[in-house]
Structures are given as C-alpha cells and as structure tokens.
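Going in written order, the chains are labelled A, B, C and D, and every chain counts its residues from 1.
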C-alpha cells in the first residue's frame, strides 16, 4: 500500500491543524512507502533550517519503518550501533518522524520540524493516522 | 514580497487543475523568493525521475529571476556561457520553471516536471499568476 | 509488483549466461521497482569503472520507467531537454538499462556495463524478461 | 588472492542459509580485496536502511583488514582515535563486517545488516570461511 496525493494532503492538513492549535510554525514532509517526496508544506515563519531536518526525519523513519526516536536509541554515543547516524546520507534519531498508517497499514511516513521536540512529536502524531 | 503558504497552495492547485485537464501527472514545486521549498505535490503516477527535475527548474528560475527556457539560451553547447549549467549544483534550461507573480510582483517560483516539455510549460503557466 | 530475490537472481543468471555466450565480462545490477539495490554480480575481469555505470543505468531506467537509450534521446546537446543528465545525481542515456517484466508487468530494472554498448544492450535484453 | 564471483556467491549463499535458519532477512554485501563490490543480495523484507549499513561494514572491514567491531574500539567517544569514523566517507564500528578467508587467506570482505547486531555477526561469520 502506497499513499496517494489525496491521502498525503489529508495527513498534511491534520498536522497543520495541530500545529496551529499549539501555535508553532513547522515544516511538514510526507514521503511514500519507499521514501520519495509526496507532499510538503512550510508554514509561514517556520525556520529555514528545519526544512532539511523534517526531510531527514521522514527518511529515517522510512528506512527503518519505525518512529525516529526508536532509531535514536541505537545512535547515542556509547550505544552499540554508534556510527549508524553517518549511514544513508545522515540519520536523525529524535522525535518527529513516524509511519503513516491507513486503516492500520503503513502507507507512507511523516517528518515534522520547527518546534520543540515534544511539539514536533505531537504534530507528527496528529498526521500519522488516516 | 514573499509567497505565503496559502498563496503557494493556490498556485499548486491551479497547476494541478491544468494537469488534470490535459491528463498528465506531474510534480509541482513551489519555492519562495530566495529558493527555499514552500510547497510540493507529486500527483499519483508522476515519474519519480521528475521530482528532482521539478526542483531544479524552480531553483534555476529563482536564481536568475526568469523563465527556465530563457536561462536555457545561455546553456547550449556553442552558446557563450557554456559551462554555466554546472554552477549552482546544476541548472536546467528548458521550459517548466517560472516566476510566480501576485498582483504583478514576483513572490516565488514554480517548477513542473512529468509531461512533455510543452505540457510542463502549460502547467507552470497555469500556476504562475495569482 | 516488486521483484523478489529469487526473481532477481534468475534475471541475473540469464544475463550472465548471455555474457558468457558472447564472451564479455560485465557488471550486472538489479534494482527493485523504486530503485533500491536488490542483487548484483561483477563477473571476473569486468572493468571496475563499469560498476558505477551499471548502477547509473539501472537507476536511470527506473526513474523514467523506460530503456536508457530512450532517455538518451532527451540528453543530447541540442536536444530540447539538454541539462537533464545533471539531475537525479547524474543520468546515463545509452543502452544497457531496461525494465524487467514478469508476466508482462514491470517488477524491477536491470543495468549492464562492461562490454561495447551493443553487447551491454544484448545482455540487458537477456535478463529483462522472466 | 582475490575472491572470484563463484566464491563470492558461495559466501553469499552460506550467509543466506544462516539468515534463513535464524529467521532474519538481511542485506549481504561481498567486496573484493580492495573494496570493489563483487556480489550483493537483499533478502525479501530486509530493511531498506540496512543496504547502506551493510556496504559500510564491508568497506570498513576492508579498509583496516579486521572485523568491524575491532575497528569500533577506536571510534567510541573517549577513545584515542575519536573522529576516525568521519574518514573514508564514514566508518562503522559494530559487528557484521568481516574478512572472508579462503584456505586461511584473506580474499574479500563481507558486510551484513538487517538483524540485531548479534544476528548480523552470526550471519557474517557463516559467510566468512570458504
């Protein structure tokens, strides 16, 4: 199952609604099941440095098919897979990247950046279930 | 003047409407006045190879503040600026990238790829005036 | 439909059989439907410089879902899409990259490099139908 | 001594047999004595993010002619060679990369990724002796 543009736009809108609700402008990336960009929106006043962070979060979540913070457990200095963050052109292991499920099946991935990590996580959560 | 997300989404929708009308699935990139990604949509069945082409068209148009085909006049083998296409991480000089004007003022840039060049140009045109 | 490892290995073997028959050592790349490496073999004495060429051919074929020589028509100096070869991290527009069809459906892509272009094309052809 | 394609395929098959036995789909990379890709297989359902990790493990093992976990001792924060992991386009210092010996002589290198680190190590071990 691979996300359609209509579904991606719905996920994007759910994320924007949450971002507006908690008053933080973010970048929202939706990639498909194998990581190709499907939809994107940069809210007005979102940080320019967060565009690439949102892209990397969506990519990291796709590559390992899990939440970015779960990947992050392997990346910390002292963790057993230290160095992993240098593979695949760079991985990001903090919250804000998640699988998008449609009727319980993974169909794509969302990456959010622009707020505090807990805010990004909240917004990604809002866009992750259709 | 810099394009807002609402305006970018309007340009994006105008482009999609034209693409649907002429039956060709494309990638649509909107960048702001300084080239940062603002909005993106990949229509279902659009070629994966066209994502990067659409990005490069929007970037090329932004860098020189003109239509991509006007930049292209400088890039052909034999043209005086041959080699220019290797600058800025790669330039693309065929139609499908255009300034977006709002009330006659340039506010962002659109890049389209996925169809024949004349189709991409038509779709870019449709999304270039708000 | 996405190629399985067993199917990829069959395509790879068909290509090797043809390469042995016409006595030219090549690199054989099989990527899946969205371009991720699935199987690879470098025949003994195949040129080291051809590893990357085979990868780029498989990628180019995947990105536009056509034979690489069909993409090549757009890349020539003087062609309308001149500059296209600089997108997507580099494209290759000469023969040796092809879709792999299984019961008539595209399931992956093959890239061959190491021989003359006509030899690469012949070997790619041999591996392109299961 | 440099690994032949027939030998690389045998190492690859030994690794796959072990992976099937312990029920974990992995990516298997075989590089020759100087690090050029010789053979590759991605088992069905292996993580896409593990392709690059397997490549990096094989490369790291080749560059220092030792198991990746032995290289890892030098890479940890606090270790004397901290920063080493940024050389050579990125090094990986956890288990899953090993020299392949044929009759006791190093002839190539194997890199495995897709399972837990101990599983990857077990599978690399299985493919490391001909």
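Everything that follows uses one rule, which is that a residue touches a chain if its C-beta (ideal position, glycine included) is under 8 Å from a C-beta of that chain, and two chains touch if they have at least 3 such contacts.
Here the structure is a predicted model, which means the values were calculated and not measured.
A.B. asks: Would you mind reporting the rotation angle for the C-alpha fit of chain A onto chain D, rounded to the nearest 5 degrees?
C.D. replies: Answer in degrees: 90, to the nearest 5.
A.B. asks: More than half overlap in residue numbers between the two sides of the chain B-chain C interface, or less? Answer same or different.
C.D. replies: Here the answer is different, because the shared fraction of interface numbers falls below one half.
A.B. asks: Can you check how far apart chain B and chain C are, centre to centre, with Cα atoms defining each centre and the answer in Å?
C.D. replies: Those two chain centres are 30 Å apart.
A.B. asks: What whole-number Å value describes the gap between the mean CA coordinates of chain A and chain B?
C.D. replies: 26
A.B. asks: Taking each chain's centre as the mean position of its Cα atoms, how many Å separate chain B from chain D?
C.D. replies: Each chain reduced to its C-alpha mean, chain B and chain D end up 43 Å apart.
A.B. asks: Can you list every residue of chain B that touches 2 or more other chains, as numbers and ranges?
C.D. replies: Expected reply: 48.
A.B. asks: Please categorise the chain-chain contact pattern as a line, ring, star, complete graph or other.
C.D. replies: Basically it's none of the tidy shapes, so other.
A.B. asks: Okay, what are all the chain pairs that touch?
C.D. replies: A-B, A-C, A-D, B-C, C-D
A.B. asks: Inside the complex, what are the residues of chain D that reach chain C?
C.D. replies: Interface residues on the chain D side: 4-5, 8-9, 36-44, 48, 51.
A.B. asks: With touch defined as at the start, can you tell me which chain D residues reach chain A in the complex?
C.D. replies: Touch list, chain D to chain A: 47-49, 52-53, 56, 72, 75-77, 85-86, 90-94, 117.
A.B. asks: Which part of chain A faces chain D closely enough to touch in the complex?
C.D. replies: Residues of chain A touching chain D: 34-35, 60, 62-65, 77-78, 80-84, 86-89, 91.
A.B. asks: Which bits of chain C are touching chain A when the two form their complex?
C.D. replies: Where chain C meets chain A, its residues are 34-36.
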